Amino acid sequence: MRAVTQTAYFMRQGAANLSRHPLYAAVGVLTLTVSLILVGFLGLFLYRANTLVDRLAGGLKLTVYLAPEVTQPAADELSRVLKGQWPEVKEVSYHTELEDRERNLKLLPAELVADLEPELVPAQPFLEVILDVDLLDQERAEALVKWFSALHQVQGVDEVLFGSQKIAAAFSLLSGARTLGIFISLVIVLAAVFFVLTTTRLIVEGRRREIEILLLVGATPSFIRMPHYIEGTIQGIAAGLLSYGVVWFLQRHLMTTLRSEALLQVPLDLLPPGMVAWFLAGGILLGFVGSALGLVRHLRFLR
Amino acid sequence: MRAVTQTAYFMRQGAANLSRHPLYAAVGVLTLTVSLILVGFLGLFLYRANTLVDRLAGGLKLTVYLAPEVTQPAADELSRVLKGQWPEVKEVSYHTELEDRERNLKLLPAELVADLEPELVPAQPFLEVILDVDLLDQERAEALVKWFSALHQVQGVDEVLFGSQKIAAAFSLLSGARTLGIFISLVIVLAAVFFVLTTTRLIVEGRRREIEILLLVGATPSFIRMPHYIEGTIQGIAAGLLSYGVVWFLQRHLMTTLRSEALLQVPLDLLPPGMVAWFLAGGILLGFVGSALGLVRHLRFLR
Amino acid sequence: MGAMIVFSNVTKRYPGGITALDSLSFDMEEGEFLFVTGPSGAGKSTIIRLLLAMEMPTDGQILLARRNLRSLRESSIPFLRRNIGTIFQDFRLIDSRTVFENVAVTLEVLGLTPREVKSRVAQALEMFGLTRLARHYPPMLSGGEQQRVAIARAIVNDPPLVLADEPTGSLDPLLAVEVMDKLLEMHRRGVTVLVATHDKGLMDRYRQRCILLDRGCRVGEHISGGDA
Amino acid sequence: MGAMIVFSNVTKRYPGGITALDSLSFDMEEGEFLFVTGPSGAGKSTIIRLLLAMEMPTDGQILLARRNLRSLRESSIPFLRRNIGTIFQDFRLIDSRTVFENVAVTLEVLGLTPREVKSRVAQALEMFGLTRLARHYPPMLSGGEQQRVAIARAIVNDPPLVLADEPTGSLDPLLAVEVMDKLLEMHRRGVTVLVATHDKGLMDRYRQRCILLDRGCRVGEHISGGDA
């Protein structure tokens, strides 16, 4: 019975605090909202970055040209070695001399091919190595390039082509974007936690007299903390909903701007179903953790 | 004399406020620092985005193939029309049939060329049109693609090739990144101003009693504001130096990570000389504007 | 009945060198009424702060209801305070809560239901003529009104011990007598009451034990109202 | 000498329906000394708040040094206040500044040099026995010490008008007399002094004009200390 009374009191008090200090409440909710939106966007960007670069560079692939005398079993053996050595290798496919000729013919101007004996077009068997962009990091990529560059000294390997000239640039861009993105995300997450913590502390600081008085009339520290936790949670829920709403609005707006079929082939679905749950969870977590951290430090130096 | 006394007093008081409320001071400086770093990085990213996409897509260029009978004067006339119609066109260069043949020969496998009569390689005169990425926007790009697609119906124009297949994708990526980047920058700048404003207001709120008392003993509003302005400015200077320091540190750290000549060809000079001045200016502006906004709203409802 | 409060050789020195209490000893029976008086800075409020465990003595022992405050666990301080109704010299009202809410905190801390809280607070406000101010905030009250709110909050939960620090400093003579009568009535119902005051006129209206402090030392003890 | 303060038919009604002053009229000559007394909530502090232009009267006119407070521009309020030394009932000290700094604000607002500020503050602290507390913060002071800081701050710049709201409520009888003597000495030097108090004992020590308020109305006027 007393537990019910107390819980009801905490809920009332938490809600009352919010309405008593509308400025503080607004600061809290907006801090959380902005953090959620920024972190969400950056997460999305990081997630999309791979897809984008992949699409742009036409995939990260290597072509290992083999000597004409290399047979399918020998090639398969080489494939196994590649895969074993490099977990980043997603796929290795063997292509015969015939397939290579066909490919080369397609690359040549049609007028030229018409006048040409097919046998004149040079060709040789090759392995197409497709890399998994998600698994590569800067260091591994360097090692991989070196290792594959050295491959042509191996018996049976004729030459190694690094897909297009742009793979290196693409990869360095991807890697740079990732490092930058992870760094910015980290800064934002830290900033968010920091802001919530300090706003909570400023708010608690502003309530210092109130807290002191409550302690003097016999309130336990947890009696004082509970309404703040509830307050943080309510703010978190509000921020979760608000940020979801903002992203939903932006999605609608961005879509009309960006969705011109000719130019935008990148799917920009910011809000898969269930996303609202993530926003809510993030908001509640940040709100609760922030207020908890803000309080713990504070109540210690009060008696 | 009194002005000197007063100024000295404001400086002392501003400094004293900072040391009296180290928590508030830290919040202010860190808020500003984080904002400066984030906005700086995003600005840099936006600035670099063009360069990166340009490099990756091999430049945004179109090739307009002309009928063999088109002569240099006629081609020049067409160039003028193109340039007149499209300010986004940076450069148009005329290439003769001979040059085209040379280019095509280079594209073919060496073994093949050796066996070939050069006259067998087809060739025709063409115009190379280089676009200025910085001037293009989504809408103009669409119009441009349409306009150039229609060019082959014009007399003397044989075919229009859109450089590589990836131009469209590159452009859509660039445009998307730009929109996203500008949006995130805007959010961060707004968030920064908002945070400084609300922190200032929380701080002023915390000093409300102090301000009330000062007003009661005859302080003018400007007497109360000045130390806060100075405080905001000092915090801004601190934040400017701090953020410069952080970026400087990151630059050193990122450089060793990213600068592997093979992979990173993108210059990543985050800190051109004079940058410290920008950081300082940004910090002071934000600090001053934030505290000014925080105060204006507040002093109004005090008497 | 045993001793409610025992101070034995209590010294309280503040950092900075001020000795607020200097080896002070006195005790108070359960149900007793005691005046503590003395000039400004004598240490009256310090006694009250020590009894509430807001501070620890530098030296000496304090027993409160037979429990030594030195050996009290931090976590049991709130439960100690719930049995003490304190009227603070500076009122200590919560500016952001209404008069009603300020008086209610004492009961809410105890976990009473809203219904009980409501009826008991209403009764206490009535008692001190504060009913029409129930929805006002402390900064909107006159000094005397604030003091009466502080008194109502201290006694609304009928505590066995009341510590009153200058409870009539902001009250006009009529109200002061009313409040003192209230405290004496509680004393007659068995409540232990300690009143720190320097209002000699008021003390002289009542015949009660009275301790005189000066610079932290006990310099006298007598029964007040002797001349009257 | 002309009138320093003129209240003519001043009414102050607060939102919520409380009438703090009800068509009150009185005036005070330059250099006069006046007691304002009355029960809690009578409107004593309201008079002081109106004189400081902290609030505007609902009705009626207030002249202060021949200036009508109603037609005062917002921007000249600070300059008005610089000529008034006010002792607030709740002290209104800045908790985050030391005793020295609290007294100094009155002079700093005037733009005095640090040297002047230092010597005049030191003198004022000395006068009220606060020198050893100069570097303490108000929450570390006893009630009476806080009140003396408030008094020192009010008179440190030698204002031509002193408004004292219950200036001796937290002082022991000896100190109370000392402070009142100080105020009377200022009065003899030509300062206009208004003291709101309900300490009848104290008023009776002095023969001064005395206005009695009740519920915002003037219900009497006499010379105090008549019986003594």
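Read from first to last, the chains carry the letters A, B, C and D; within each, the first residue is number 1.
Throughout what follows, a residue touches a chain if its C-beta (ideal position, glycine included) is under 8 Å from a C-beta of that chain, and two chains touch if they have at least 3 such contacts.
Quick caveat, the model's predicted, so the values are computed rather than measured.
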Other chains in touch with both subunit C and subunit D: none
Counting one step per pair of touching chains, how few steps separate subunit A from subunit B? 1
Specify the chain most distant from subunit B by Cα centroid. C
Here the gap between subunit A and subunit D, centre to centre from mean Cα coordinates and rounded to Å, is 65
Nearest whole angstrom, what separates the Cα centre of subunit A from the Cα centre of subunit C? 61
Which label fits the chain touch graph of this model best, line, ring, star, complete or other? ring
So the touching chain pairs work out to A-B, A-C, B-D, C-D
Residue set of subunit A touching subunit B in the complex reads 23-24, 27, 30-31, 34, 37-38, 41-42, 45, 52, 55-58, 104, 108-109, 111-112, 115, 120-122, 138, 141-142, 145, 166, 168-173, 175-176, 179-180, 183-184, 187-188, 191, 194-195, 198-199, 201-203, 205-206, 250, 254, 257-258, 260, 262-266, 268
Touching residues on subunit C, where the partner in the complex is subunit A: 52-55, 75, 77-82, 86, 88, 92-97, 105-106, 108-114, 153
Using the touch rule from the top, collect the residues of subunit D that touch subunit C in their complex. 14, 16, 38-41, 44-45, 89-90, 135-136, 140, 142-145, 148, 165-166, 169-175, 198, 200-201
Within their complex, subunit A touches subunit C through residues 2, 5-6, 8-9, 20-21, 207, 209-210, 212-221, 223, 303
